[in-house]
Amino acid sequence: MKKLLIGTAALAMLAGAAFAESHSVVRLGTEGAYPPYNYIDDDGEVAGFERELGDELCKRAELTCEWVTNEWDSIIPNLVSGNYDAIIAGMSITDERDEVIDFTQNYTQPDPSAFLAMEGMDLDMEGGIFAAQAGTIQASYIAEMGATLVEFATPDETIAAVRNGEADAVLADKAYLAPIAEESADLAFVGEDILIGGGIGLGLRESDGELREKFDAAIQSMKDDGSLNALIEKWELGATF
Amino acid sequence: MFGFCTDPDTLSGLSWMACYLTTGKHMAIYWSVGTVLLLLAITAPAALAFGFAGASAARSRILPLSWLGRGYIAIVRGVPDIAFFLFFVIALDQFFEWIRHKAKCPDWDQPIRQGNDFVVCAEAKLPLGNAAQWVHETYGFFLAVLTFAIVFGAFAANVLFGAMRAVPRAQMETAEAYGMSPRQCYWRILVPQMWVYALPGLSNLWMVLIKATPLLFLLGVEDIVYWARELGGAKTARFTDYPHGDWRMWYFLALLVFYLMFTRVSEIVLDRIMKRLTHGQATSGGEAQRKAA
Amino acid sequence: MSCLQTIADYGLRSIGIGERLLPREDFTLCQQFTLIGSGMIWNVYFGLIALLTGFFLATAVALGKASSNPLARKPSEWFIFVFRGSPLFIQFFFAYFAFLSLKSVSPVFDPLTSAWLGAAIVLFLNTAAYSGEIFYGALLSIPKGDTEAADAYGFSGMTKFRKITWPTMLRLAWPAYTNEAIFLFHATTLVYFSGFPAWRQKGDALYYANYFADKTFNPFVPYPILAGYFILVTLVIISVFGLVNRRLNRHLPQEVRGRLKMRMNLIR
């Protein structure tokens, strides 16, 4: 019996060692262009809600973490190809993505999307022209809504398009639009918020179950002691848990 | 950077600008200028090497080798470079890791492709999972250089292939008459003489290469254009000490000046090289130089 | 859904005919081939328009640069320098910006901000500069004997240019001009990628390839399809230009024709 115990312990340690070997440094991939979730600060470092969250998660899971930035377009192909170990980039949990990668439990409530338009603008949901960043869930939402969709490569350009009259309104995550609406007197939210996509979670390779469990447990512990809610409030991301 | 930058809210005018232009983020854009220049400096000879190999293969007498060379030139030249860059780096990276995996972990029993995942053993990872950040960046840079070299190598091969055929036939015949072996003819007569015919094409290629550097961000290298976009976009006061509107216009103007200056300097230098190369050559340019002297 | 049905639904999607919504599931090979092929319509459109219109401006610019009158020479030199010396996507950025400000002046300029006109103008100017430089180089290397012979035969002014100078210039420039045409078609992929916004999900081949890569998270299928289409286009360009080259050189003895081909090295 004792021998058996030692045996399992040794096996567990061995598995642990293999895990430690492949994950002595966990690389976190982010986009770095999506405040308040993640952005590059004045010093050129990754900052934002997810930076603080990720650092805390790594501390709780006792992992050494490193931050890397990657273009949004190729962020999933680079994960499955093994260039980093986790995506923490404001990525909503969707069925499409879930087929390719695994997600931890969500660490934000589903974020509503909102329309931002020029002050005093009446939105024509059918005949209007709406801007969105190419390849986002908002872009496909507008296409399905039946309105005219204009796609731009970066979120910056979508805002600029509303300012110069190319588009009537822009549809994007509310947390991204809020600081912009707050600061510019000529822009305002119109219409009702819409819910597309689930909450945001960490994306991991499907073959990387052990790392997922570690992060899952760490997120749960942050949910339990309220520190996650504190972070969400600090960065004004909307609903808490 | 400067002592007075601690509280940017109180600054205005020139001192604000001085602080703004020396933030860590702006340092990154200045660094990226160096990155781009370094990449060009490494890629140019590498692409030339690929081109030389490709052209030599294309004119080889061994048929399969010739097909390989011609196929490389035709296919890579036929594809827009963006399309190439969008998937090639990941493919290259997986290829290297697969080779290392085969060599280092022969008794690995799991499949390499698990669903969508590409999984190799930890020792085969490139760079190793626990390597420092700069190793990862250097490796990414190396992959970018290699991709650029492969793409532009095909164009260089096309140029060199044409140049090798442009060397006057009489020169080769004379060499053969002197009893040189085909190998000697190739290395002593053809290769030294072809450069003057290749240079106009190669200098055009260099200009194209300079202007292809904005595509570096597709390869995961943070180049000047990436930073110009990032810095120029409108910034709200919540996320920076230096809020401003949409300044992409000014950043791109700076890039425009940078590229124009770079092109101009290259033109002048290449002109000089052309003058040197024409010296003593059996072309009309060489003839004109000889007469003038 | 059969593949023929897919082609009927999406074959002309890029110009707004057929299904309004892009496919959102399955992403079969047939769908990818059809939609990316449909996007090629735009690449071919941009390439052809720019090439045909650019040709005339290029001739004018080349003559301007070779002219002894500084009023014609200086603008031509600067035009070529600016458009050859800067990356195409920076030109797109500034053009879009300029067109937007024109638009606020008068609604006449409205179509400028859409890709079909705005991007075509930028590509037209761009290729005019590149081809202009090629034509200028060819103009300088016209054998002296040809023009002297023309003078001796009593050709002058416009007749001399139309019958002697221009055909010879084209003949000398043709291999390099073929390369320029290939590059131009490749450059059309930049239009929606970094220049102009895509309206109603009507984009070029790269736009749809990007869409599929984004939805399937697998770059290894759509981009090679795109590459395949472009190799086809390149082959077509090479054969069409080859035919023209044969015609331009038809008066030369066989042996010399072969030697002219070796000048293929003057690429952009």
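Letters A, B and C name the chains as they come in the text, with residue numbers starting at 1 for each one.
Note that in this section contacts are C-beta pairs under 8 Å (C-beta built on N, C-alpha and C of every residue); 3 or more make two chains touch, one makes a residue touch a chain.
These figures come from a predicted structure and were not determined experimentally.
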Joint neighbours of chain C and chain B, given as chain labels: A
Relative to chain A, chain with the most remote C-alpha centre: C
Winner on C-beta contact pairs when A-B is weighed against A-C: A-B
Distance-to-centre winner among chains (Cα means, whole assembly as reference): B
Whole-Å gap separating chain B and chain C, where each centre is the average of the chain's CA atoms: 23
Between chain B and chain A, distance of the C-alpha-averaged centres to the nearest whole Å: 33
Rounded Å distance, chain A centre to chain C centre (Cα mean): 40
Overlap residues in chain A, where contacts from two or more other chains coincide: 74, 77, 80, 100-101
Of all residues in chain C, the ones touching two or more other chains: 193, 210, 213, 217-219
Residue numbers of chain B (touch at least two other chains): 86, 90, 116, 248
Residues of chain B touching chain C in the complex: 74-75, 77-84, 86-87, 90-91, 116, 155, 158-159, 162-163, 165-166, 197-198, 200-201, 204-205, 207-208, 211-214, 225, 248-249, 252, 255-256, 259-260, 263-264
Residues on chain C engaged by chain B in the complex (per definition of touch): 81-82, 84-90, 93-94, 97, 182-183, 185-187, 189-190, 193, 206, 209-210, 213, 217-220, 223-224, 226-227, 230-231, 234-235, 262-268
Partner chain A, residues of chain C touching it in the complex: 20-22, 24, 100, 103-104, 113, 193-194, 197-201, 203, 210-211, 213-215, 217-219
Contacting residues of chain A [partner chain B, same complex]: 18, 21-25, 27, 32-33, 35-36, 39-45, 47-48, 66, 68-71, 74, 77-78, 80-83, 85, 100-101, 154, 156, 159-160, 179-180, 182-183, 205-208
Parts of chain B lying in touch with chain A, wherever the complex brings them together: 23-25, 27-28, 86, 90, 93-94, 97, 114-120, 122, 125, 129-131, 133, 136, 217-218, 220, 222, 229-230, 233-234, 236-243, 246, 248
